[in-house]
Each structure stands twice: as structure tokens, then as C-alpha cells.
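Below are two complexes that have chain A in common, paired first with chain B and then with chain C.
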Partner chain A sequence: MGIAVQSLSKSFGDHQVLKDISFSISKGETTVLLGSSGAGKSTLLRMLNLLESPDQGTLNIADMAFTFHKNQRTGQKQPSSAEACQLRRKVGMVFQQYHLWPHMTVLENLIEAPVQQGMLKPEARTKAMELLARMGLTDKANAWPSSLSGGQQQRVAIARALMLSPEVLLFDEPTAALDPAITNQVVEIINELQASGITMVVVTHEVDFARKIASRVVYLENGEIVEEGTAERFTAPQTKAFERYLQH
Partner chain B sequence: MNMEYLPELLKGLGTTLELTLVSLLTGLVLAILFTIVLSLKVKALTWLVKLQILLFTGTPLLIQIFLIYYGPAQFDLIKDSVIWPLLSQPWFCAMLALALNSAAYSTLLFKGAIDAVPRSDWEACMALGMTHKQALLKVILPHAARRALPAYGNEIILVMKGSSLASTITLMDLMGYAARLNAQTYDTLTVFTMAGLIYLAMTGVLTLLIRFMEHKVLAFSRT
Partner chain C sequence: MGLTALFAEATVMTLGLALSSLAMGLLMAIAFSLAELSRFKPLALTTSTIVAVLRGLPEILVIFFVYFGSTHAIFLLTGEFVEVSPFLAGTIALSLIYSAYASQTLRGAFMAIPRGQAEAASALGISKVRCFFRITLPQTWRHALPGLGNQWLVLLKDTALVALIGVHDLLLQAKMTAASTYEPFTWYGIAALIYLAITLISQNILERMKSRSNRHLTSSQSKMETPTESAVTSSEATA
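And now, the complex of A and B:
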């Protein structure tokens, strides 16, 4: 099983950012969460690895199940931080601004988390060098992140997430800070990863980028799912709202 | 200038350097512990650390030295205890006062540096399944320590100069020898100018050392 989400909702103060969201994703699919800014897609993505916690609903991901209740003394417990850690080791995340640790070299960025979690250093190094080679960054292993271009930093961030061999990989606007030529490198990497069978969820507002990677699409507006389906929806949208969004 | 004062003054240099080094190291260890307490929000201890900071940053170092040296002698309970051999030594009392004073200022400095580490560093740790403690110890503290080094360099120099106050509780450091020489010769201008120049030279050397360290640990921010 991949990911199943039931009736998730979330408010910040009086503002409800997600309203009763339900969807499911099968293993190995690349799902794009599409929508304009403020639609709630990043919040939704961050819930999938519990960086945000929902007010209500259930979440099944990577063979773990979570139920959320806000302000209710029910028998069901909120996820503990230990469970959250366990989940995040199976659900990797790539951020819009890369979030590399600036005081560590590229190689150190890659091996830090796996070594902490029990991988032996030589093994971690070997794996890191393999991933860097796959990303075309072998010569950057000992460079500082700040000396790399945006596209290179993004590839390091993807390699870092892959170090833990996650079952699911989440991307939050991975191309928003990159110029169009570099965007195609990210497309190639995502398509290559899809061939390797990893489940991916990608948040973006760029239709062209979405078309190139998606096997499924979920279109959100104002915290609600307006349309969802296979990639064919890009050519045959079923709602006016999604059709309008695709045109601009 | 009468150069024959110099060998006499330099007799105190060892004590000054030793006092500075031990106070700094003790203060540093305490400051790291205090910073961890504040960052992990250990409830009861947080309160104690905040009190320590309030007392030691809010009062003059000279008063702290006097209270630690003269204070415990007023209590028979302390005079009969096992720590009295330590607390009755001026060297230990001066070291303790300097260490606690330095710990208070350094804790503020380190906590500030940790708070200044961008949220994104934390978020990346969380997303890779680290616990709060792992993130703090393995990623956030090392980053913050590098950022804090320039300010901590100033603290090193302040402790070195502050150690001169130890002469007020009979310790024969550089300042102690200068004061005695002055009392013997009344050659005030020469004696204290020479002592001042020795302190200035030490500050110069320390500044160069700190610059060198900054150059190494902040290499990542220069590209």
C-alpha cells in the first residue's frame, strides 16, 4: 500500500487551510499536488511526514497509521515524537530552498543522518559517493554547499534524502527557485527515480513541470480537492476550475 | 623606562595565564551544559540557569570575587566541610568567580547563536528522522559554535583582563606583582605602563590566534 489520507483538516487560527481532504496513492506512483499559492498543497505535503500535524483525520503511509483529534480526550493517541522520527526515516523530503546544512561539506551533509541512525561510516561514504555519481556531482563531495549553484544544491538535497532509502519521497516546490533549463535536470531525476519504483509526491504550481513528471494529479483550490485523477486529466480536465488553471 | 622591573613583573605571568586558561575551560564546560539545559528546556534547571545568569551578569566581577573568597569563611558549616581546603585558596576562588562569570556571559552568547541558526537547519534534521537531541547535538550546536566564535573570542580577552582583579584577594599574578612593585618603588607610571603593555601584548597574541581559528571554522561562509 502507498499512501491513504482520510478527512484531513487543518486550521491556523480562524483560517481553515485544509478542508476534509481524502485521497489515496498507490505504491510507485508520482503524484503531483497542483494549485496556486495558498491552496494548502505545501501544508498537505508537510502533513505526510508530520512536519505539520492535522487537526482531524487519519493518515496511512509507509505501513504506519495515524489518527488525529484536536481538543478531544479520546483513547487514540497523537503520534509521539519517536513515531514521527520512525516515519520520517521512511518518508524523505526535499525542500524548495534545499535546506542543506551550510557548515558541512556535501559529503558530510549526506552521511550525517544515516550514520547517526546506525549505518557504518565507510558504508555511508560508499553509498553517498554512488548517489553523488548518479547526480553528476562526484567532484563536489568535499565542496561547501554555498559554493554550489541552485541546481547542484537541489541535487545534493535529493541525494541526501535518498541516503535513507525512503519508501516515499516528498518534494516541496523543487523547481520554484531554479531557472527553466535546470528544471529539466530535476525532471530527469524524478523520472529516473520513478523507474526505480519509489513513491513520490510533488508539490508545484508549474503546469509544464507537473505534466512532465506526473502519473497522477491532485488539483487543490482553497484547501479543497477540486479534481484528481491520472495524468490524462492534463489533456482532458473534468472541471472548469482545473481547465482554467491549465490554460494560464 | 626602567627595564629592571620587567623580570619581576613576568614572575606573575604564569599565574595570570594559568588562571585565565583554567577559568575559561571551566566556564566553557559550564556554558555548554547551561546552553543545553536552556535549549532542551529542562524545566527546574532552566530556572536555576536563568538565576545564575541574572546574578553573574548583573553584578560586578570584583564583588563576585570578594563574596566567593570572603563569604564562605563566615559559615562554620563550610569551614568544617571537605571543600574548605579549596575555598580557602585565593587561586581557586578567583578561578571559580571568573569561570562562573564567563559561563554566564558565554551561555547568553551561545543561546543567541543557537537561536540564530536558521529554522531550515532544524527542519532538515527533522525531515531526516533525527530526534530533537540528535539534531541539537550533532547539527545545530556545531553550526552555532562556529557562528559564536568571533563573539566568544572577545569573551576570552575579557576573562584574561578580568583575571587582574584576582590580585585584590592576595593572588600574585601579573597585576599582583605590579601592585607590589609600585608600593616598593612609587614608580607608578613606569610600573603600570609596563604591566599594561604586557597585557596588551597578550591581547594581541590572543586576537591573532582567534582570527586564525575563525579563518578555519568559518571557511564555509566565505565561498
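And now, the complex of A and C:
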């Protein structure tokens, strides 16, 4: 099973950023969350690995289930940090700003999490080198993150997330800080990962990028799902709003 | 015992006092700064108050208060007269003073670490405690080192105050020798030179630690950062 979300809602103060969101994603698909900024897509993505907790709704992901109720003091509103930890080991995340740890080399960045979680150092190193080779960064293993270009840092961040062999990989605006030529590298990596069967959810506002990677699309506007379907929706949008969005 | 041996012993005492206060002070400073940043308001407020009091009192008063006050407090509480050793009282007082100032440097440094750093760690299933020691603290170090180094130099010289409660440190030794030989200029001068030597060695070590803590920055970035950092350090030194 992949990801299933049932009536998720979230407010920051008086502002409701997500209203009754429901969708499901089957295993191995690449889903794009599309929408203009402020549509709530990043918040939704961050909920999928509990970096934000919803006010209401249920979340099924990587064979774990969470239920959220806002004003219910007796029930467990938030999952325990142990549960969240367990979930995050199966659901990796790549951030828009990469968030590599600058005081560690590329290799140290990669092995930090798996070594803490019990993988032996030599084993972690071997795996890290394999992933770096896959990303075309073998020669950068001992470099500091600050000496890498944006595109290279992005690939290190992807490799770091892959170190835990996640079932699901989340991308938050992976191309927002990259120039178009480098964007194509990210497209290739995502397509290659899809071929290896990993479930991915990608937040973006770039239609061209979305077209190149998506097998499914979810279009959001003001915290609500406006349109949802397979990649064919890019050529045959069902709603006026999505059609307008695709045109600009 | 020759005067050289006496001065050597007194120097070791001064260094011991300064280093143990530094170790204890740093631990307390980390605790204070985290408490001040805590989302639990009563804890943050209590800590801010303690820090404000410590920073508002003359150092010598804190030393007297800890030395004489603790003996008195123990007497009031237990009815027994326990003498707290001047060295212990001096270390506690100096580390309290150091931690009050250092906690402010650390607090600023903690706030300078982008939130995303810890977020990336939690997204990889790294526990909060481990994240603090492996991700946050090592990066804090780089921001805090210039300020902490400065406060270490102040601490080193504050140890001279502890001579007043009878710790046999460099200043007390110089005073006693000056009195018995009637050569105050020579002996205070020698004490001054020893303090100066320790300071210069400290500065050298601090410089090395600073460049090590900046080693992960590429040359272009460190070139850009060096002038601003030295500007901060020199302005702190004059202040």
C-alpha cells in the first residue's frame, strides 16, 4: 500500500491552509502536488512525514496509520516522537534548500542517520559510495557541502535521503533554486528512482517540470484539491482552474 | 622552597582555577542558554533573572557571597559549621560569572543556526538529543568561539580576585613576596608577565581553534567572512 489521506485539515491561527484533503497514491507512483504558492502544497507534503501535524483527519503511509483530532484532549492528538521517528525512517524528505549539514563532509552527511540507527560504519560507507556513484558524485565524497554547486548539493541531499532505503520519498520544490539545465538532471534522477519502484511525492509550481516526472497529479488552490488524476490530465484538464494554471 | 618553585606552584593554581571554572562554566552556560530558549516560560524567565542578577553584580561580591554565604547557609540549614574550601568556592563563583556572560553568546549562536538544520535531522529519523550534540552544537561552536574566547581571557584575569578569599594564586604569591622582599615593582611585574604569557598562549590556541572551526567553509567564503569576524572581535575587545 502507498499513501492514503482522509479529510486532513490544518489551520494556522484563523487562516485555514488545508481544507478537508483526501487522496490516495498507490505504491510506486510519482505524484506531483501542483499549485501556486500559498496553495498549501508544502504544508501538505510536510504532514506526510509529520513535520507538521494536521488538526484533523487520518493519514496512512508506509504501513503506519495516524489519526488526528483537534479539540480532543484525552486522545493522543500528536503521534509520539518515537512513532514519528519510525515513520521518518521509511519516508525520506528532500528539502528545497537541501539543508545539508555544513560542518560534515558529503560522506559524513550520508552516513550520519543510518549509523545512528544501527548500521555499521563500513557498511554505511559502502552504501554511501554506491549512491554517490549513482548520483555522479564519487569524487565529492570528502568535499565540504559549501564547495558544491546547487545541483550537486541537491543530489547529495537526495542520496542522503536514499541512505535509509525509504519506501516513500518526498521532494519539496526540488528545482526552485536550480537553473533549467540542472533541473533536467533532477528530472533524470526522479525518473530513474521511479523505475526502481520507490513511491514519490513532489511539490512544485513549475508545470514543465511536473509534466516530465508525474504519473499522477494533484492540483491545489487555496488549501483545497481542485483536480486530481493521472498524468493525462496535463493534456486534458477537467476543470477550468487547472486549465488556466497549465497555460501560464 | 625557592621563589621560582613558589611562583610555578601559584601559576598552576591560577591555571587550575581558570580551567576548572571554564569547564564548569561552559556546561552551565549551555544549560542556561537552552533554558532561556525553552518554550516553557517559567523556566526561561527564572533563568533570565538569574543571568541578569549575575551580570548585574560586581564579580568580587559574587565571590564573597559564594565563599562566606555558603558557609553561613550551611550553618543555618544544618546547624553545623562546614568550611567550604576557598578553591571550591572560587571555582563555583567564577564559573557562575563566566556562564552568565557565555550563555548570552551561546544563545545568540544557537539562534544563528537555521531551523532547517534540525528539521533535516528529524526528517531522517535522528533523535532530538543526538541532533543537538551532532548537528546543532558543533555549528554553534563556530559562531560562539570568538565571544567565548574573549570571555575566557576575562575569566583568566578574574581569578586574581580569588586571592582575596585566600586562594594561593599568582596574585597572592606576588603580594606576599613583594611584602617580604620590599621589591613590589619586581614581583608584581613578574606576576604581570606570567598573566600576559598565559593570555598570549591562549590567544594563539584560540586562533587555531577558530580556523579549525571554519575549515568547512570554502576559501572564497572564509575570505568574505574573516574581516567581519575580526571586526566583531576587536570591537568586543575594546568594549
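Here is the rule we go by: the second predicted complex is superposed on the first by the 243 of 248 C-alpha atoms of A that agree within 3 Å, B and C clash if a C-alpha of one lies under 4 Å from a C-alpha of the other, contacts with A are read in each partner's own complex, and residues count from 1 in each chain.
The definition used in the following text is that a contact is a pair of C-beta atoms (placed from the backbone, for glycine too) under 8 Å apart; a residue touches a chain by one contact, two chains touch by 3 or more.
Every value quoted in this text rests on a predicted model; they were computed, and no experiment measured them.
Aligning the two structures on chain A places chain B and chain C in clashing positions. Of the two partner chains placed by superposition, chain B and chain C are both touched by A:99.
Using the contact criterion defined above for the overlaid structures, shared-chain residue A:164 touches chain B and also reaches chain C.
Contacts of A:51 after superposition on the shared chain: both chain B and chain C are touched.
By the touch criterion stated above, A:235 is placed in contact with neither chain B nor chain C. Using the contact criterion defined above for the overlaid structures, shared-chain residue A:113 touches chain B and also reaches chain C.
By the touch criterion defined above, A:142 reaches neither chain B nor chain C. The residues of chain A shared by its contacts with chain B and with chain C are 49, 51, 81, 84-86, 88-89, 92-93, 95, 97, 99-104, 112-113, 116-117, 144-147, 160-161, 164. Partner chain C is touched in their complex by these residues of chain A: 49, 51, 81, 84-86, 88-89, 92-93, 95, 97, 99-104, 112-113, 116-117, 144-147, 160-161, 164. By the touch rule above, chain B contacts chain A in their complex via residues 120-121, 123-132, 134, 138-139, 142-143, 146, 219-221, 223.
If you check the complex, the residues on chain C that touch chain A are 114, 116-117, 119-128, 130, 134-135, 138-139, 142, 215-218, 221. Listing the residues of chain A that touch chain B in their complex gives 49, 51, 81-82, 84-89, 92-93, 95, 97, 99-104, 112-113, 116-117, 143-147, 160-161, 164.
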